[in-house]
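Pasting the structures in now, so scroll down.
Two complexes, one shared chain (chain A), two partners (chain B, chain C).
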Partner chain A sequence: MKVRALLSSIAVASMLSGTAAQAEIGIKNFRQIIQSFSSLTAVPLTDTDVKATIDETQSRLPKFGRPDEVNSAMLLAMTSLSGIFCQKMIQSDSVKTVDQRRVHKMVDFTKIPSTYNDDARKAIMEEYAQLFWGRSASEMEKTALIKTFQDMQTSAGDTVDGLKKALKATCTVVGSSQEFFMY
Partner chain B sequence: MRARFASCLRLGAAVALCSFAPIAVSATHEAEDKAAKLFERLTGVPLPKNDPRYKQMVDFIKGGRMTEAAKIATEDPAFVTVTARNMAAQMATRDESPVGELDDFQATVMGLAKDNGDIRNLLNGNFLYEGSFSGLPAYSVANNDHYIQLEQRDPYQLRKRQITSVPDVAGVLTSRSWAKSHYDAGTNRRAVEYTYKVFLCRAIDVWKDTGLDDFRVRRDVERTPGGDPAEYQRRCRTCHAGMDAQAGAFAKFDFQNNALVYYSSGTAPKYNINTDHYPEGYVTYDDSWLNLSTQHHNASIGWRGKLNGKGLNQFANMIADSRGFSECMVRRMFKEVCRKDIQALDPDELSRLTSDLEDSGYKVRDAFMDVALSPRCLE
Partner chain C sequence: MSDQKKTELESLSCGPYKYDDHPRPTNRRDLLRQGFMSFSAFAMAPTIFGMAASTAHAFECAQPTAENYLPYLAIDCAGGAALPANFLVGKQGGPNDLLASYGTLGWDPRTAPIDSRFGLPMAGNNISQILAGMLSIMSADAQARFRMSSLCHFAQDDSSSNPLSVISLVQQIGYRGLLVPKALGIVDSESGGNSRSAGSLPTLKPLPVKRVSDILNAVSFGRAFNDLRGDPVTNMVKGSVALSEQQIGMIPDTDEGRALKDALLCGYKQNLAYTQSTNGLDPRQNATFQQVYGINANTAVDNEDAVTATVVSNVLNGNAGPGVLTVGGCDYHDGTQTTGDRIDRKIGLYIGRAVEAAHRLKKPLFIHILTDGGCATNPGSRAWRSDSGVRCMSVIGMYDPNGPRQQMRLQVGNFTDGEAADQSTLIGAQPVKVAYAVFANYLKSAGQLNRFEELLPGVFSTAEIDSILAFG
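Showing the complex of A and B:
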């Protein structure tokens, strides 16, 4: 089930980035990608787990920011980075009051995923889109992201812990999509 | 770009077509788009719309106060640690890669960007930058530990540090980083080659010249390579005549046992090796130098001031005072911020930006802002 969820995530990421591939636009290089994740999620680069993930992935990220540096290894590195920054941001937000949170203004971290209806889920997806893309998510994109959320809910369980995992999976997909690393 | 991209998606059009389509946007949307783009260009990172600086930038742009909007972006640490650092790393490494550990050369570019310093100080300054907080290993010309730690903790916290390790001070040309890259082994000719490449944006193939007098070519260069004197005249001389004449500037510098070395008396032994290749060649006794590369296509470098001298500082001043240096720095900034080669795209705009840099006192941060606000960058 976890494999299915991952494949679903990658499919969504590919779909979200498909249109952008037609544009003649550069991409961020490794330094810009890493700093962008840190700035947007407010997770410091000095965090031990973040540092470890950077050390493990940096060599696979674009050096110069040229479109020809996009490849499978790079995309997988993006997924790993996005995952750790999302996880840390969710952890941090989950212990803060709503007004202090980076995102997740609509999330009650004490509730299980099934208590969130489609509108609530769309609101969460909208926050992630605004954070990483600087724009609203389209209905099509929201629907695709909700599917990821649901798949992860099924895989990780309808529990409080499962909620964080589902949030992480969705956040990771948005953060690792091509639109985020376009320059 | 992001906002426009989103509009395109909603319209269901291909971005490749859509990005050229005239889209009626309100002044506010246009200002928002510009603010987002300006911030990302200058810092390498996006600015969230809920960040209070976003609204400030939009308001400035709507009021036509573009420079003030750009200033907000350059006050973000990422302007220094990402944008200036990317440019610095490509200048500091022999393979022009943005990857590599932080060092004294890169920190100096970053520090000058942060402090809006005079970019000529990269070459003629009597200081480098170092970390400004306690607990770091002391600066050393024998290792890079200080900068490795600085990078891991907070590379934005920088301060000037007077260079005391050598008497003939020339900014980053007397940094450990530069020494490691260009004084290590070899004959120090590489230092001349890379001075031109890094600070004048001219590779040796561009500035070599067939018509120069070769009286300063050293003894280690064979005049009849493979038994063919024409080969020397045709190929070797074109680079060596100009390069060897200027290499005297570096004659007292070396990199040994992982450290920058300065010879207070005499010159580095590497300057007088393989003397049997051509015993009548030039003998290096001191650090005097002569710039012969001033005519033909090299006149376009725009030399100003003295074309000969003694020591590295005088040589560094000659490079820093040239129009070619200012132009090269603008090209590097434009490439980093706008991802385009302004020389190929619009030489007139390059000339304008270069004049702006010089007229405004060579201020690094101001020049970055000027570049980012160029219509050629924002288009």
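Showing the complex of A and C:
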């Protein structure tokens, strides 16, 4: 996606301008992470819940974009942030027509999780992968994500509300993954 | 920053100091030391990520150990507090080997009453406001079990560059919290406080706690998951672990890459622990801390007493690793005594509350008081007139619920008749050696002195280590 490519190039330029030029692995810093989430999900940073979540998590996100800033506190912060942006995006898409949605082109929000067969689930995972990673998900990645969706169906309920929870959880897993914040 | 907020921050210290001999504060460090800000965030320069980081990740990935470690709490007095105006300093014979004069240090031990209840003599009769602050909160039983010793040394005035903190070293022996596998600090910096940490590792940066909610959020999945407690959130986190295991293979097989893989795998797995109950982090819900800190369940999350109680309670309970409190505004040479007394009393209250809380919980506690330099005054006065890096000292304290620790010496290093720290001693000239000495004392107090050579090989000889130990 153009936005992702632009953000990546900005991140690379800032990385090369400092001591991180020596690193082989790049990590988005807190500004890049937050801006990426907003741009990719089309959820504005002015949203009250988003602002509150940023306030609660920002201090644990990478300040400089160095790999040594990755730790459990940072990953939990990523989960919180990914969760709120995914929740808002799902809420927004659920009241739009298919062609207006950010993703969820194959989702019928009036149906329950068990009505989605493997191909349908794979298509949803592929949308999330393209959105956050800018590439297709591998078969192994799709398998892991589909299992998450299935486990959520079991634990959160095979209901219309359960569908949104399953989508939120799966979207969060993709958005908080290393593939999103590494480059 | 709004004018209202600025006024609020200034009121938390004693108002900003504007000195003719100091440039106007231009960065956050200056603002903290001169009392413009009480809690502030620091931006630290990047460091090289290498082999040491992988070791640090190994610590984070290990099992929680805080319940097996001696709780450690640092009180970082930012700006150069006049500690020799509170604690007696002496020559090679110790604090009672009096200097020829004490004119610039703020009191005369030959004429003022001396209080030695904590081992290290302090200025009595309300002269030392650090002592006054401690005694205002510490019970007699707590006092009886607490002892302090000093280290006399030089440090750069008003500087965050002194590597006086040992927060990173203390973590490197494997000390990590049951719920939050990190140290806690009031300041968002590499050390969690004002002074730099000796032996610092970037991955051991303390969790910044500026509000009570910061530690609650550190174990929370956030508001998006209020509707997903229990099994659903556990399944989500398991999904993250599984996906990470698939994506790990894409990371380069280099030192940096391997360290990152460790961090990712253990980090996602650590988050599984947070899907269970994480009670006990909020001191506002705890009767002991309500009483000691004067807080209650409705105290604001950014209330200073609640925030300091959050660090202390979670250090003592083993929920987190070691902790650092920072007292701002210690650069109090504004030509008055009033300001210094007010800040000193605050330092005393910080010490006293932590020890009293440890006493009520029947937990041991090692306290480390550090500062960047000191102050000088005119003879016969406590109206502080200037910075003085040669009038610096650190203090270590040990609270033992089983009874006061034996003290091998009250003072490491010494002052001279020139009323300055003797820089010819083992620790006198280099703040980093002071940190190593404090670390040796922490390990000794924790029964782990054998770990010193493992972490700091060749730094001190056996004889040198013996010469810097304060507690038996």
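Note that in this section the second predicted complex is superposed on the first by the 159 of 183 C-alpha atoms of A that agree within 3 Å, B and C clash if a C-alpha of one lies under 4 Å from a C-alpha of the other, contacts with A are read in each partner's own complex, and residues count from 1 in each chain.
Throughout what follows, contacts are C-beta pairs under 8 Å (C-beta built on N, C-alpha and C of every residue); 3 or more make two chains touch, one makes a residue touch a chain.
Everything numeric here is computed off the predicted structure, so don't read it as measured data.
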Query = Should A:N29 be classified as contacting the first partner (chain B), the second (chain C), both, or neither?
reply = first
Message = Is A:S39 touching anything from chain B or chain C once the two structures are fitted on A? First, second, both or neither.
response = first
Inquiry  = Applying the document's definition of touch, where does A:S138 land relative to chain B and chain C: first, second, both, or neither?
reply    = both
Per-residue touch tally on chain A - higher for chain B or for chain C = C
Query = For A:F64, is the partner it touches chain B (first), chain C (second), both, or none of the two (neither)?
reply = both
Inquiry  = Touch test for A:A73: chain B only (first), chain C only (second), both, or neither?
reply    = second
Task = Classify the contacts of A:E179 with the two partner chains as first (chain B alone), second (chain C alone), both, or neither.
result = both
Query = After lining up the shared chain so the two structures overlap, which partner does A:I112 touch, if you call chain B first and chain C second: first, second, both or neither?
reply = neither
Key: Which of chain B and chain C A:A123 touches, first, second, both or neither   = neither
Inquiry  = Quick check for you: in the superposed arrangement, does A:V160 touch first (chain B), second (chain C), both or neither?
reply    = neither
Query = Which residues form the common part of the chain A surface touched by chain B and by chain C?
reply = 19-20, 22-25, 63-64, 138, 179, 182
Message = Quick check on the complex: what are the chain B residues that touch chain A?
response = 1-3, 5-6, 8-10, 14-16, 19, 36, 40, 44-46, 48-50, 78, 81-82, 85-86, 97-99, 152-153, 339
Touch list for chain A against partner chain C, complex = 18-20, 22-25, 49, 52-53, 56-57, 59-60, 63-64, 66-76, 79-81, 83-84, 86-87, 138, 140-141, 144-145, 147-148, 151-152, 154-156, 165, 168-170, 172-174, 176-179, 182
Task = Using the touch definition up top, name the residues of chain A that touch chain B in the complex.
result = 19-20, 22-26, 28-32, 35-36, 39-40, 46, 58, 63-65, 130-131, 133-136, 138, 179, 182-183
Message = If we count contacts the way the header does, which residues on chain C are in touch with chain A in the complex?
response = 41, 43, 45-49, 53, 56-57, 60, 180-182, 188, 202-203, 207-208, 210, 213-214, 217-225, 227-228, 230-240, 242-248, 250-252, 254, 256-257, 259-260, 263-264, 266-268, 270-271, 274
